[in-house]
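Shared chain: subunit A. Partners: subunit B in the first complex, subunit C in the second.
== the complex of A and B ==
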């Protein structure tokens, strides 16, 4: 036992529904860290599920592209999660119009995202909330997947999962149809949408509400048919939707002017309607896109925000 | 000691040996007989709740682990134990993703306990206690999510049975036996897949014409002492209280001949009772002998000893503790 607290909370940097985030220091190593203090009072269903999931899934994961859970501690009657301090996220970079980035930068961010997702999936963990806002950037340029508040184990086949996951714009078609059984393919869809967003610098499929999301998604990518996705007609919502043709290759080239053929192949592979056919992380990581030039930018040389807090 | 220290680092030790458990309980359980009686009625309550909510067995299993673990480090009081149990079940729902609203859990628990007037006030008070206990339960488990996470006795036993090409009847019998195992302290001693191996072994030996294959337990990430610990615990349970077991009431027609004598016979054939090796330092083990101090300002929980050592060595570079 030691006589001085190991962690200091220095500055409040954010507040969410279930936690307050502080900036702090780990005294023994003088390391900068973020402390998530979980609010316990005021919640009628007790300890928030997100906090439980965050500890549960981050506890055993160690990967350069997944946020590190440094410590878990109780102070008075509050649960605190000590996390790596990561000052920026990909959304901030995408939105900051003063930052220019190249195809090599995009490739680097996508590569790090895919490596992180691959690590989650090979540990049988679904993230279920991938979006630029949850891809944090460390001062040395490494991208780290964060916010495991919606994560869960890949269930056993007979288990029912909730389809009400993933932030709307990044939601895969099977989730839009309310699927109760799904796989890592839902995360891959999100990565595909993020890839498109990196190239466009604006959200690719910005639905206004859940119904609109279905329309926006299929207008952009074509309504799936039972020819390429036989199970599709089992979803009750399928019969009520508008039929749009899929975009031609020409059309895709027009949308993503700077993208190479391999980049379009990879993106289209992640945005396949049929989740069984959608590319998995290994297929993506070994795709031609990562073999062709330009090479991905070295993380430490990636563009950063001008004003880092 | 309370107040002297502002921080404490605690290593999670999710499984303990029989003697270690006994030592911890000396601090918390004044009357073993009462505790055991209550444990059975708590089990019944949790069972009934799980049936009503249609929960899978893993929810019950995790709740029973939490409940027994809680009373290793917190004083046992008969008045509170049903609330503790209810809180354990509520938490276990979150742990295994069979989520239910706290009001539903509290109401059902009170109803099954025959609380006469279920006024909103009574339910609210129960909810408050559930929430208060929740964090304490997690703290007694050191927030260790490696256990009770993805491996549960009932489904891993089916997988192992398939792997060993055992008959469906054997797996079914093992599945029945495994239900009784949830009542035992073995949950605190060895992980679920080891218990699954032990119940499969018992089931094989109870089934005519089937014998337990001579396998290396390391193939299933276990070992002989752990499996034996569980195996003998289960045999002893049936030898002591077969008539009150759930197995007895659920035996299929062709297995009705199974009785106390059958288990006595198995134990005789198994030879000397053996199991986990008891460590020698139990009486100096601070986790077990000292009472847990929940008033320390900063209570940190880590999963590996390496973490503790790393921090110590970074402070005192020349004093490195042996792992």
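== the complex of A and C ==
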């Protein structure tokens, strides 16, 4: 691995609980890069788990829709991840009311998200924190899945997983119920919620807290029954919840005015309560929605934030 | 990993459409395990001898400096140094690494750690010594670091304090080499162990030989093979073969008749090797199809590597550790010689034991 002077740290752009992010340049190629410097002091258990996960999983993936880990190096007892420079994220674009989205734009972002998720899943990697804020956008319009600090390998059947994953609004019902076994379907739920958010331009299921999240989710999509999800009654929290009817097709059409029937089918398929029935990335990528017009916008022609170039 | 095999097999059926799809084999070729940690036997031997040579050169330089700064040594003393204070060989390094790698397995067992954590720790530990010498980093120190780091990397987190307590060491000692370890691993942490492949084949054998195998017996095969895999992880097979290949080799060793029958049905293996024309019949129309005879050849060569396993005795480990100590501290050879002389002039000499060396080390 290369030593530090290969990269310059020019500007501090962010600081999280376990890392500081700098903008910089790779000197040999003049490429713009971001350096995530992992804090090491103050962590009594040595290298932080999030940093370990990030390095572990990003090293395994090379895909146009997954953020590129350019290099890793050690300097002054700090771990530095050199990542490709990505100036914007999907949340910023969704929130910027001066930008208009077309259906073709939404299709393009969804397509790139699904391709990235497909690549993670075929490598047996669960992301576990998909949300617009973690879908970064490159200057040429490519969408890249980032932040693998919560990622893990798909569990084997006898393994217990923690249900305390995924940012609340994007959390699948099995996680809300505290499931100890789950699959890539948790990521697919998040993508479904992101798809809805792209169409609505506001968060689709904004629960105020974990209890409220259950209520908000089922009020919008109907409380699951053991008819469509037989294992549901094995969750202890299930018996205490309010029963809401599922939304009629007409209600969905009214809520998602511009969505085509195929778009609604795809979204509903990703938001199926039963994780076994929920669509997987291949089913989504080969769905009618991507075959009908309009064609997804070419990434370089997607709308961008005005202030970033 | 068993899927690797299964999918590329099914690939031959749906031909054209799927031929441009990325196979699981392609994905494996993108893994860091394949890109950074798969070697030819020659390359692996070269890496080990390079690591050893680098430190040997340094040790010899240090020795020269020592001799120059001690011009008054007697012939006896010089002779003792020449015999005792020599760097260890690549083979001795390997023995010591294997000794401790084996200890990691039993230690992890005692700590009740999951199999995959233990396997990853062994893998990390062995890889660490592909870029560092046992003469630079005492395996005994790296031992705890790798086990703790493997816990974190395999999502089996426990606090360093409670780990240190269970391992009867200190938190500082556990964390001491963590950065060096991560760096030595080239920042690649993903391990594809053969256990998943074993589970896949275990299910597929029951499917392919449906009704012809006893479930209880298969359970026994599975348990035995799981143990054999852990043993195989201590061999160089992990650097030369893929996880499903290692698994098939182990299954073949466990029950050859069963596996030959399975491979016959699954991969169209022609078991009747005497009929030459039988071999020509099928194959090589579809490049993605598995050539069963070739596969069997690979599995058998893998079997041979697994059977070459080195099980160093504790005695070997103690001797090598002592040798490292003397090569790095030539003065201790002289001290030892002096003590021996004093002892023999006083009374009947007790044979110098290796425990004496151990005392000096700690």
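In this section, the second predicted complex is superposed on the first by the 304 of 309 C-alpha atoms of A that agree within 3 Å, B and C clash if a C-alpha of one lies under 4 Å from a C-alpha of the other, contacts with A are read in each partner's own complex, and residues count from 1 in each chain.
By our rule, a residue touches a chain if its C-beta (ideal position, glycine included) is under 8 Å from a C-beta of that chain, and two chains touch if they have at least 3 such contacts.
Keep in mind that what you see is a predicted model, and the values were worked out from it rather than measured.
Partners subunit B and subunit C, once the complexes are superposed on subunit A, run into each other and clash. Once the two complexes are laid over each other on the shared chain, residue contacts for A:75 go to subunit B alone; subunit C is not touched. Touching more residues of subunit A than its counterpart among subunit B and subunit C is B.
In the superposed model, A:7 lies in contact with subunit B only, and not with subunit C.
Of the two partner chains, neither subunit B nor subunit C is touched by A:17. In the superposition on chain A, A:236 makes contact with neither subunit B nor subunit C.
By the touch criterion defined above, A:122 reaches subunit C but does not reach subunit B. In the superposition on chain A, A:46 makes contact with both subunit B and subunit C. Contacts of A:97 after superposition on the shared chain: neither subunit B nor subunit C is touched.
When the two complexes are overlaid on their common chain A, residue A:62 makes contact with subunit C while staying clear of subunit B.
Once the complexes are superposed on chain A, the part of subunit C occupying the same space as subunit B corresponds, among 43-51, 61-69, 277-285 or 349-357, to 43-51. Residues 1, 44-47, 49, 52, 55-56, 59-60, 72, 74, 77, 79, 152-153, 156 of subunit A lie at the contact with subunit B in one complex and at the contact with subunit C in the other.
In the complex of the two chains, the subunit B residues touching subunit A come out as 4-9, 90-91, 94-95, 97, 99, 101-103, 127, 130-131, 134-135, 138-139, 143-146, 149-150, 155, 296-303, 311, 314-315. Per the touch definition, subunit C reaches subunit A in the complex via residues 22, 24, 27, 30-32, 148-149, 152-153, 155, 157, 159-161, 171, 174-175, 178-179, 182-183, 186-190, 196, 199. Remark: subunit A residues 1, 44-47, 49, 52, 55-57, 59-62, 72, 74, 77, 79, 122-123, 152-153, 156 touch subunit C in the complex.
Interface of subunit A with subunit B (complex): residues 1-7, 28-29, 40, 43-47, 49, 52, 55-56, 59-60, 71-77, 79, 124, 152-153, 155-156, 159.
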